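Next come two complexes, and both contain chain A; in the first it sits with chain B, in the second with chain C.
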Partner chain A sequence: MTHKPKITSSQLFSLMVLFELGSAIVIGVGTKAKQDAWLAILLGMVGGSFLFLSYHYIYKNYPELSFSILLQRSLGKIPGKALALLYIFYFMYIAARVLRDFGELLVTTALPETPIAAANLFIMLVVAYGSYLGIEVLGRSGEIFFVVFMFLGFLFPLLAFAAGLPKGENLLPILEQGWKPVLTTAFPVTLTFPFGETVVFMMFFSNLGSPGKVLKVGEAAIMLSGLILSSIIALNISILGPTIIENATFPLLKSLGKVSIGNFIQRLDSIAITLLIVGGFFKIAVFTFAAICGMQDILNIKKRFIIIFVGITVFVASLNIASNVPEHLEIGLKLVPIYLHLPFQIGIPLILCIIIMIRNRFAKK
Partner chain B sequence: MSYKKLSYKKKQPNSNQKNEVIKSSGNSLTQDLKENLERIQETLGNSSDIVVREFYAGKYGQMHIGIVYVDGLIDKNIVQRFILEALMLNLREAELDSTVFLQENELQVLKKAVLPAGEVKEIVDFNELFLHLLSGDTIVIINGVSRGMAIGTKGWTDRGIEEPGSESVVRGPRDGFTETLRTNTALLRRRIRDPNFWIETRRLGRRTKTDVSIAYIKGVASDRVVQEVHRRLDSIDIDAVLESGYIEEFVQDAPYSLFPTIYNTERPDKVVSAILEGRVAILVDGTPFVLLVPVVFIQFFQASEDYYHRFDISTLIRLLRFMCFFLALLVPSFYVAATTFHQEMIPTTLLVSIAAQREGVPFPAAVEALLMEISFEILREAGIRLPRAVGSAISIVGALVLGEAAVRAGIVSPAMVIVVSVTAISNFVSPAFNMAMSIRILRFLFLILASTFGLFGIVLGLIAMVLHLCGLSSFGVPYMSPMAPLIMQDQKDAMVRLPRFGVFKRPNFIRGNDAVRGRNPGNRK
Partner chain C sequence: MKKGMALIITLIMLTNFLTGCWSKRELNELAIASAIGIDKSGDGYQVTVEVINPSEISAEKGTGQRSPVVIFSATGKTVFEALRRITLESPRRVYLSHIRVVVLGEELARDGIAKIIDFLSRDSEFRIDFYILAAKNTKAESVLKVLTQLEKIPANKIAQGLEISEKSWSSTHAVKLDELTNDFTSDGKNPVLTGITLSGNADTGMTLENLKSSKLSSIQRIGNLAVFKKDRLVGWLSEEESLGYNYVMGNVKSTITTVECPGGGKLSVEVLRTKSNIKGKIENGKPKAKVELSMEGNIGESECDLDLTKPENIRQIEDALEEVVKEKKKLAIGKAQNLGSDIFGFGETIRRENPKAWKELKEKWNEEFERLSVDVSVDAKIRRTGTITNSPEQTKSKK
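So, the complex of A and B:
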């Protein structure tokens, strides 16, 4: 490596916001809590920001290293490598899952006659191109799409209110069944998706040009995306009502479809699709690129081959991880949070924190 | 990092040129005038435009002098009055002090005391001699001295300074560059009276030996960029440089990208304003097109007129240009995507009328769009090459055939005609021709994406395009700055233009050390 690619804090910020809103804004998050989904998201956000503190603590102790090398440095060569490899597979698996989500969504809503493989392949090609160009370019395009994303994101409530769709009573009563359903959706579902997924950014913290700002940027990104997500979900609920929300796969699409102003501005699904593709792209790209970077750190292979390998693996996996949509969603909601998100997002980082803490204690004495 | 790409181009940098020069040990002028003149004529194959004149000068005709020049490249007036007259008449009348003759040789005497010419250069060998001779200088050789003199007598018929054809303005200076490098540098120098405005010249092209100048303001331009320009120009080894496009292809960062990473213009005011922002201009003899580096994406949407009109109008027009960029790029593909994949996006009444129009059309929308776009491109290309008298006929044929008849014959739908015309007109809004070219090509790519993947294809294509744009850089400056990487300070003159009293600093991403343009906070009460 001749020189480490650097990104600015505004680039990291836009990448993180796009990443977190990416799929969550279109796919209903925390809808198990019915009309209190927005509350569940806010709780998840608070939890996520605490989780981020632990990620930051790990990073702060090894500010020069990317996550995969950091693991080797702190846990020893072989266990570190093994764990890094596990993380790489985790990233690839989540990338494949998100890719599948988007493929399914596109095929069901916009392109009914297109095979999902074609749509996924196309996304994957662009992701591979982005990965080939590297983190600097991803960061810069993140900055541009952040503006686009925010603009479209604000257009939605504006149009919804202009059309007089939101009904406040749909959000009432708050906490109908007490705190329990809210807490059980917040932990672990909304905590891990999307907030806990910021664990993937551990791969890129060392690329930040101004290293002191990681905590500030990260927390700000989590807060902003949490607030946006929560208000969009609240808006969706107030438009559609809690019962439809709970069963809708893509609530944003549904509520945007309802917007009609003067019989001319109507069927705005295209806004949702645009948001979706942009956000989804960044989500898949960040996961894929993290896996690629990790592999590059561990294995001594040319970047080009790693990109081809990871790209093909994620693409094939996205088609084969589940045989149909219900199975795919079932795995995603029931198994993944408990068996994958919890250990990789919370368990391992916390253990790592404790190990580093103990080691620091010893080093001082 | 991307500089590395250049390395494969410079296989043997200038090795042959250097060999020629080294060979010249047997190449220097001899003392015998006859021999020298014969050699000149022999080397040039007795070409008819070479004029050789021998005569005897001095009070007693003791100096045997030969002069050589290329007819057509020299100013006859100068040669006649200041060289021939001076040597043949003045020298005869002059009472030359014998001490001068003792101290200096005849050549020095002529140079210092006789010739009333400004540019005089001593030459030793034939390489130099031919270079000067063929550039339009007059060569003076004296019998008995193994040196010659090159006297600057360049003067040929020139096009004169006219309004540039490719970039016209409503308000602003109307002079444009010409084909003569010296005129062009003068146009720049006339506008910047700053001793730090430097013009460095070199010769490129083994056979054409074309003058290529680099113009910048020392301290305002970043040293790194200047060095990089020198380095890249040095690595060029080519036999001819006929237009700045030759240089452009060698020095640009991403030769395979659809987007231009070098700006070219015919307007001196544009070049000067770019130089004042800290850019470097590359002027090439023989073409009015001057190259500017480094260049960023938004620069292609900024016209020099923006700075002459009021700032609010300029801002709106800039935003309009950005809109037109997307219109020119995406309107046909959106039309195809909406009519084939997302009919629900179109309001019902409009959808019904489009469907009714398309009823008689035998092709799918994608084919229809492709057909119309290609025929428009053909018309446009034909319009450029045709003689002016025929041009209007073509435009009538185009308008009638493509507009009326094609619709009547049921080959295309009227909506498609509107789409193509909107696209075409938006495309002409771009102030930079080379950016308009990239849009033309990309439009077809997006058309293909839209016809296979609909809106999804368009958005994903846009993502790929933005990724590509963010990955480009021009002489070390990221192509999308100041948007990505975001530089807040430079937003004052990017998408929008704030009034000049609000913009005190040069663009952060280009300039060298000298940031401040001026301070006038007090001019607003």
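So, the complex of A and C:
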């Protein structure tokens, strides 16, 4: 490798925040906990920030290496490669899932007669192009879109309050059914989506120009996105009530649709769609690019072939992972968190931490 | 050379994307609907759509010869089916995003509106910013087809009429889809909808001839509140009771309330601000509710013998006002208890303040509500007397 592409800490921060908010801000997470969804998200965030400590611990011991090489270095060549391959498939599968979410929501709400393949194809083309240009370009565009995203995201509460929509009593009573529904929503659902998904950034920590800052940047990104998510969902619930939010496929769109100030500032659904497209792009791009980088690390193939392969696979998979929306959501809420997120976000990193710890102790002796 | 070819091919391919949207619908292919009316028809529904006739409402080209709106109507097993069947009558596809009002026929409302709420929330073409009304003693179709003055589009007349009456008379309550959904899914609150009636004949009202006279022979009139139990209409409030309902809920923005003066005669107060505070609690195992209202107003008209320059007399009027408003609120609460429908959300208040007790109350809330003791209190303040103090009549008789 001639030179390693570098990104600045503000670029990593922007990427991580966009990634976390990406689809979560529009889809609405944790709504199974009814009016306590905001609490479930905060709990998930706390859990996520602890998880991030373990990711950071692993990275700290091999600061020069990307995750896929790190696995080989710490576990041995063959098992490391196998595990890295599993992670690559995991990233690709999640990329396909996010792409499907993205397409479904766009088709349901904005483009009812467009085939979902068309919506998915165009975003995938942009993602493939972004991956071809590499992490530096993704980072820079992340920085720019961070500003756009935050501006639009901030408009929502501003306009909602200006229109006098939020009703505090919709958030009461807190903990109506006790802690149980909140805890079962937080663990595993909101912990793994979106917070635990930061595991994918293990692929890019070694690209950070100032290596000492990974922990600070990561935790700050998790905190900020957790607080934003939590307050947005609380705002949604206070505007429309927990019943409607739990039932809505696209809560932010519904509450934005209600904004009308003096019959003049209204019909703001486009803000929600813009947020979805920007956030969705970065989420899909990060996952796809991580898979591409991983493959590049363990297979000796030209980058552009890998991009074509991964791009087509993710695109085709996004269309075929489920035959309808209910099936897609069922898999996403019931199976994926337990069978995929838990091992890949929590299980394997923790085992890796333990292995590294033991090895370090022996090395000292 | 090779590069040039590649560039040309790319450019040609890119032109494919410049043709516009996939499922584009040009404005002149759309029938923009301003209102929907839904009535019961046998086992299914009759759906009436009021479509705007764009050439008639444009300021320059309107001929005044044709109706500003066109009414299409079709029946079907479901609302969606009926709505799409309208394409048999309409040359354009009905576009629903700009709906201002949805009117539900009384017969349908008595039968239950839950199934309609599903369609209104599921279809992505609907925004949730339209008002929902219940037609009283008439079909939704008749309400929509009567043409109106001042506002050319009947749907706009209804929507604005509703807004303005809510703001300055306060016997109505403009309900949107989210409020209706929340209320009918809640265990502790039942929905209300504002009613709409028709005075005069719908068939003469739908002709342009009707618009040519200064006093319209038929006109839509925004009415009183319809009380629902879950999703079924169970009764209507009178105007007095509707006002009482809005006083309890703190919805009154402005209204005129007339009181009997202590010394005889009448006096009207223009209510300008109200704030209501509903509390629910459990006392000795029994639910209790408390409604506290504070209000402010000015004297707007006086036929009294009282000397309005004296503060103690103003205090007397305040007391009388408090009594009148209290009475209205009790009327509304009594009517709701008779109908067995908690439209005030007392149950919801108890749920918020005492979720544990609510778990047990929830199942039998309707019966509990019927014998719920509600404590009503009003605190009225009169601030100003207008541009004169005593009425000219009174000043004259004193001389």
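We adopt the following convention: the second predicted complex is superposed on the first by the 365 of 365 C-alpha atoms of A that agree within 3 Å, B and C clash if a C-alpha of one lies under 4 Å from a C-alpha of the other, contacts with A are read in each partner's own complex, and residues count from 1 in each chain.
Keep in mind that, in the parts below, contacts are C-beta pairs under 8 Å (C-beta built on N, C-alpha and C of every residue); 3 or more make two chains touch, one makes a residue touch a chain.
Here the structure is a predicted model, which means the values were calculated and not measured.
When the shared chain is aligned, chain B and chain C each come close enough to touch A:114. In the overlay built on the shared chain, the residue A:11 is in contact with chain B alone; chain C does not reach it.
Within the superposed three-chain model, A:273 lies in touch with chain B and out of touch with chain C [touch as defined at top].
When chain A is checked against chain B and against chain C, the one touching more of its residues turns out to be B. In the superposed model, A:240 lies in contact with chain C only, and not with chain B. Of the two partner chains placed by the overlay, only chain C lies in contact with A:254; chain B stays clear of it. The interface of chain A with chain B overlaps its interface with chain C at residues 110-111, 114, 118, 266-267, 269.
For chain B in complex with chain A, the touching residues are 1, 341-342, 344-345, 347, 453-457, 459-460, 463-464, 466-471, 478, 480, 483-486.
Every residue of chain C that touches chain A in the complex is listed here, in rising order: 21-23, 121, 124-125, 127-129, 176, 178, 181-182, 185-186, 351-353, 355. Within the complex, the chain A residues that touch chain C are 108-114, 118, 169, 172-173, 175-177, 239-241, 243-244, 247, 254, 257-258, 260, 266-267, 269. Residue ranges on chain A touching chain B, taken from their complex, read 2, 8, 10-11, 106, 110-111, 114, 118-119, 122-123, 126, 129-130, 133-134, 137-145, 263-264, 266-267, 269-270, 273-274, 277-278, 281.
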